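Chain IDs A, B, C and D follow the sequence of writing; residue 1 opens each chain.
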Amino acid sequence: MSPSLIHTIPLSGQVINLCAAIMLLLGFAMLSQRRVLTLINLFMLQGLVLFTSTLIVAITTHQNHLLWSAGLTLVLKVIALPYILHRLIRRLSVKWDVDTLLNIPTTMLVGIALVVIAFNVAQPISHLSGTITRATIGIALACVLLAFLMMITRSKAVPQVIAFLAMENGLFFAATSATYGMPMVVELGIALDVMVGMVILGVFFFQIRQQFDSLDIRHMERAKEQ
Amino acid sequence: MIELALVLTIPLASSVLLALFGHRRGAAELNSAGSLLTLVAAGMLTVRVIGHGPMILFDQQFFVDPLNVFLIALTALVGFTTSLFSRPYMRVEHDHGRLSAARLRLYHSMFQMFMCTMLVALSTNNLGILWVAMEAATLTTVLLVALYRTPASLEAAWKYFILCGVGIAQALFGTILIYFAAERVLGHDGGALLWTHLDAVKTQLEPTVLSLAFVFVIVGYGTKTGLVPLHNWLPDAHAEGPTPVSAVLSGLLLNVALYAIIRCKVLVDGALHTHFAGNLMMAFGLLTVVVPAFYLSRTKDVKRLFGYSSIEHMGLITFAFGMGGPVASFAGLLHMTVHSLTKSAIFFAVGHASQMAGTQIIDDIKGLIKRSPTIGWGLMLGTLAILGMPPFGVFTSEFMILTTAIKHYPWATPILLTALGVAFASMFGKVQGMVFGEPTVKPLSHNPALLPVFVHLGLVLMLGLWIPPYLAEWYRQAAKFIG
Amino acid sequence: MRQLLLLDWVLITALGWLAIGLVGVSFPRRLTLISRVLFPLGAIFGLVLALLALSGMVAGTQVRILPLGLPDLPFHVRLDALSGFFLFLLGATAAGISIYTAGYFRKGEGTAPGLQCLLYHIFLTSMAFVMLADDGYAFMVAWETMALSSFFLVTSEHRHAEIRRAGYLYLLVAHIGAVGILLSFGVMAGSAGDYTFDAMRDFSILGFWPTIAFLLALFGFGAKAGLLPLHIWLPEAHPAAPSPVSAMMSGVMLKTAIYGMLRVSFDLLHAQLWWWGILLLLIGLATALFGVIFSAIQTDMKRLLAYSSIENIGLIFVGFGLTLVFKSFLLPHLAALALTATLYHCLNHAFFKSLLFLCTGSVLHATGERNLGKLGGLIHRMPWVTWLALVGVLASAGLPPLNGFVSEWLLLQSFLFTSGLPQGYLNMLLPVVAAAIALIAALAGFAMVKFFGVVFLGQPREEKLSQAHDAGRLERIGLLWLAAGCILLGLFPNVVIALLDPVTRLLVGSGLRDAASSHGWWLLAPISEDRASYSPAIFFGSIALFTPLAYWAVRRYYHGRLKRVPAWDCGFPLQTSRMQDTAEGFGQPIRRIFSPFFKRTREHPSPFDTQPRYRSVVEDPLWYWLYLPIARIVDYGTRLIAFLQQGRIAIYLLYSFVTLLALLVVTRG
Amino acid sequence: MNFYALFAQLLELAIALILAPILTGWVNQCRAWLQNRSAPPLLQTYYTLSKLFHKDVLLAHNASTLFRAAPYIIFSCMALASSIVPTLSTDLIFSPAADAIALVGLFALARVFIALAGMDVGTAFGSLGARREMFIGFLAEPALLMVFFTASLISQSTSLSTIVETLAHNEIAIYPSLAFAGVAFSMVSLAENARVPIDNPTTHLELTMVHEAMILEYSGRHLALIEWAACLKLFAYSCIGIALFFPFGIPEASDPASLLIAAAILVFKLAIGGFVLALIETLSAKMRIFRAPEFLGTAFLLAVLAMLVHLLLEAGR
């Protein structure tokens, strides 16, 4: 956006835009990342960024329930989930390297195309956005799509789940920064679902491993119409 | 007030109870009892709503109107019959050593939890809570699908989880967009997610945003509805889960997902003043009717077979609602009803059939009608009903849908009819082989509870010949308000 | 409570059948109850229905709206001359078949007798409702119920794979046909979108839509009637079914298709185009020729009769087409003549074909054989069946003075008028069609002689045939009823024509009653006496006079000594039953002359075979030219689409992803 | 239906019954002459018949009632047929009873019964003959019907009396279509009456016989009746031919005088007809049974052609 515009935006807004940019960056980083551990850390970082942006929105717009959701984000996305994931991969002793179905450079190119599409789609919305943070919704969409792409390209169960959670992050980001947050009850519900889902997945990993003695989802292609 | 509270709390309570005592004897009876109470409560609620009209409860978070109260009643009914059916079914599974007592506990409590989420999703007024409930429903059913812990069931559950999780995520984004659009009209704390409020101001909502939102919503909830090409989880989940679960998946979950789409469609139509949402749904619907028809003839597994048939019928319903108008929406609602009843009945019969044969492979099931005429006739009549043979109710709704299509979208009619014809050819051929012929199947260790099957089929038959006036009136109201 | 109309009584009778069925199914194993009480009761109801329908034909149109069906489209029923006539056909035939069936039941065959009873009576009720229905929905419901119940009756011996296959084919074709009918209704309802027949009558569709509606209806009803090339199910289903059911299907159910076609083309559609008639006529001709040729070469007695049904349906459609032609050229009187011939033949076929099918049923029970190559000489064992079958055979061969001849006579008469048509080609073409009809009639004679001669005459070809027993009492009553029908319909054509008068007046606005009845009951002269006349009474009377006269004279003037000796047979010393013509042998000239019609696979013994065997299978070429290709196409499509269901979650995710992106781009752009 | 009509009817029947065997005898005589054989007496057929009537009946063990009833039925059919065809007068009581189509039906009825009788005993030859008879029948019947159709299109009627009246008593009109029809008719009647080239009435050669093969098992009075019926059939066909193609001299009224003249004319015509038949039989050779379709197919085509010719050239009349 042109410099004149930048000055019209208050500092908080700029910070949020910055967060948005970082989100997107992290999204790309995860897309290109081969190593599970780093993937988890990146995910944690994303959570952190999400937390900060939520916090800022909460402070600038004096909405207390957003503080709650920020706290929720911190607890869930920055502490709990990464911790669980770390435990899991240690317990499961997953191979460190993640091989992708599509080689990284191509994936990146596709990702860029996705970003373009996302911005293009989000343009009309951001124009009529009343909030101080216009572009964020486009970025959130981009994050979601990138995570989606990541889910498609990863051939192991754990990275897929991480991608799934990253997608959740993107949605949260959209919810908080673009619309100053959903009603509390909804956010709680969402958080609960994510949590439970994680637990169930954790259980699943073990059973999958024990049944297929690997977490490679390419083993799970039996059910089809021959 | 109290009725709705009962409708929502009874399943929850019984789920908790079953989580504690589900491994003891009599768990199945408790399950049935809970479902029965839910059904009674739902019945009271229905009477209440018919009497006093729509009501908004619990600081506007819940909302009951003709549209969802009939789905609530249907859900409670099918839930009850399914619990009746699952009692002997699960006992046989237990005897065959396929399920331990702990698993049965999980099954019972998750079944009730699933019912609870369904009812919440139906009765809530808050699109956010709707989403939460749908997600919760996904989670519970994932556990149910994976109940056997076999590789196949795990694979199915995994696919189900990932695909529906992702889909649901899109739906959330759509919800956020709607909220985003509504907030500008309703202000921040104007309950911008409450459907009633949205409905009140739907004409002022921002069209572009809502159209985008609807795209996300239909992709999201459409995944759960099983719209092609988002349907791929459905046959696996139906095939690998225990049969009662397949029954409720087909009979209820798909309906509820579709219900969510319809709720959003009403808003979008109000905002856009175009037929955008309708066209989108019609396109999905046609695709969803045609593609599974061609799968049918290739599938070897009987439960996959009927899974695909569920997809096809969901497509038909989506198409009906897409066309819109009093007749088509009426037909869509009717088709929802008859499809739930018929398909769950079929799954009951199929469950026992596959238990008798010890397999789900179609070619290995033969001569049911000799070993157990009730199961054989149940399966045969159910299949004929679902294939749209008069005098069963499925034909009624299909007749209305087709005639509306002939009237307004003649080009679509041949496509639909071809698909239905192909479906008839493949499905009927397979089922005939299973029901008739020299028996290969063995009698069951416990005598099956086939009352549900024939109750359902009886209801469907009645709907084919005579729709009770109040029910028709009720459909009309709902249809009018779907538009 | 308003007093009950005739229509209500008809409805009550039809529902009475249903009630009988329900009683039957509630005592599924009580054979005596079912066979000695319920089925005779059903037969009585049939008679009642026939009488009610007769009075309904003259009573004028009556309508009712039942409190059933869709909320905004309840069941409309209507009793007019047309439906009255077909209800009469149904009732009269059903009376004979039901009473026969009462005697036909045996212990432990196929499905439980109670269930059979239910299905059979549902079948009857649904057929009655098909003829009464006055709106698209009620019609479709009754129509499909009819198909469904008959399907279950056909597959009652479902342990045999070929019977399952036959049933499958039958229901499939029936269903696809029903789709055609539904579409036709849709077109006729048009933009009004009201599916009551009244609305269709009032709402006149324009342009090419009537033609489309007509063609769709032709497809739909043709599938049920067994018109070429949709006949494929018929020769499979009829042999598969138990004989009373085959009789009912061939005798009555095929006629429901005729009824529907008449209803659509004359009642619901306003104007008729002449080429519709020509189309119908040519299709009917092809069907008739095809059917009669195939019936002449069959080796299974029920298949033979099934193909003969195809032939008769073809003839009926020829008459139908001629009616359309005359109607479209505004020649109501000639149209009435042709239509009378058509309806008359419907009635005749109902009687003689069900009679013949029931006879095969008795033969089947007595011998357990359907294969003509294993029957023969039954005239000595089962005289009742033989002589009654002879009546049916003569009637079906179109020989005077039986009923089959009258309708063919009327048909040929109406063809003699086609030279008066204002259309150059037609009055050249149609007499040639008449020639083809003559050929078909003669071939039908051939087929029937083969049927009767091989089954009942000659020496028994198997040992077990000597244990064959004649039909039981109730069975005889049923057969007698139908045979009497064949004779009476043949002897009193004027009565029947007078009876058909309201129907023709309703449909084509003219009738034959006055012309026919002007010469007294004994002389049938549809136009005028010196134009054409036929008096079956004198005909029959003189034969019935000369024969005993000759007999008496011979016995009177010459001694009647008579010795039983071995057959002479040109002095051949040894004669076995194998030396007489088999069914294959009898069909050989046909196979030779009409070889282009068949897809034939033969297996000739070479001179060096140790066990030489000869085998020759004649199949329906259409199966290979039309049906298998369609099946292949569908199969290809399924293989193509099934490829999408890969089982790879990444692919599935990709589907949703691409869908989402595509939709987004579309919506945005 | 006046007294004369009844009288004429009975007279015609009587004449038919009497003349038929003589006609056959006459044909055989002519044939013998043409083949330079010494001819049998004219009444030879009568001798044969009476001999057969006096003989005992030898009935095969397997023969059924139908076998015994058939001769009487066939005989009465043929008697009826020959009394329907207007030969002496067109004012007959039976003439409205059956028109041309019914006449064809009558012949078909007789054919069916004789074929069934042939199959009844269950010998190789019987069924073979029956098959061939029906086979020839379904080829000949349509052709005959088409011949009648041509005539009825000309006279706008299918009742034989009206046809004859039209053809005989209208102003002399040339009908080219009738020429075709005539040829077709003569071919058909050769086939129908078991004559060379389709069948040979005098042969008992197993593989060639048709008619004889069917009646092989008959003896005594039954055989006599059948033979007589055959004579009647020939007579009836000849009368049909006369009525259609040489109807001149058949009176409409039926007062005794005109009847006598008519009878004389009839005898004359029959004599010529018989001679022509013998001539044809002498000049042509019996053909293989599977050449019969070609032969009769030709007849059928000629008949159809006749009808088309009529529609083309004479429809204007």
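Keep in mind that, in the parts below, a residue touches a chain if its C-beta (ideal position, glycine included) is under 8 Å from a C-beta of that chain, and two chains touch if they have at least 3 such contacts.
Everything quoted here is computed from the prediction, not taken from an experiment.
Can you tell me which chain pair comes out on top for contact count?
Highest contact count among chain pairs: C-D.
So what's the Cα centroid distance for subunit A and subunit B, whole Å?
Spacing between the chain centres: roughly 31 Å.
Centroid of subunit C to centroid of subunit D, CA atoms only: how many Å?
About 36 Å, centre to centre.
For subunit A versus subunit D, what separation do you get between their C-alpha means, in angstrom?
102
Taking each chain's centre as the mean position of its Cα atoms, how many Å separate subunit A from subunit C?
70
Among all residues of subunit C, which ones touch two or more of the remaining chains?
Answer for subunit C, listing residues that touch two or more other chains: 642, 645, 649, 653, 660, 664, 668.
Find every residue in subunit D that makes contact with two or more other chains and list them.
Touching at least two other chains: none.
Mark out which residues of subunit B touch at least two other chains, giving numbers and ranges.
158-159, 162, 166, 170, 212, 235, 295, 298
What is the complete set of touching chain pairs?
Every touching chain pair, ordered by label, is A-B, A-C, B-C, C-D.
Report the residues of subunit C in contact with subunit A in the complex, numbered from low to high.
Those in contact with subunit A are residues 642, 645-650, 653-654, 657, 660-661, 664-665, 668.
Can you name the residues of subunit A that touch subunit C in the complex?
101, 114, 117, 120-121, 124, 145, 148-149, 151-153, 155, 217-218, 220-226
Using the touch rule from the top, collect the residues of subunit C that touch subunit D in their complex.
376-377, 379-380, 383, 390, 394, 397-400, 405, 409, 412-413, 416, 419, 427-428, 431-432, 434-435, 438-439, 441-443, 445-446, 448-450, 452-454, 457-459, 519, 523, 525, 529-535, 538-539, 542-543, 545-551, 554, 557-570, 572, 575, 577, 579-581, 585-586, 588-589, 592-593
In the complex formed with subunit B, which residues of subunit C make contact?
67-71, 136-137, 140-145, 148, 155, 158-159, 161, 164, 167-168, 171-172, 175-176, 179, 182-183, 186-187, 189, 191, 193, 195, 634-635, 637-642, 644-645, 649, 652-653, 655-656, 659-660, 663-664, 667-668
Please name which positions on subunit D make contact with subunit C in the complex.
Residue positions touching the partner: 53-54, 56-66, 69, 72-73, 75-77, 79-80, 83, 94, 96-99, 101-102, 105-106, 108-109, 111-112, 115-116, 119-128, 130-132, 134-135, 137-139, 141-142, 145-146, 149, 152-153, 156-159, 161-162, 204, 206, 216-217, 219-221, 225, 290, 293, 300, 303-304, 307-308, 311-312, 315.
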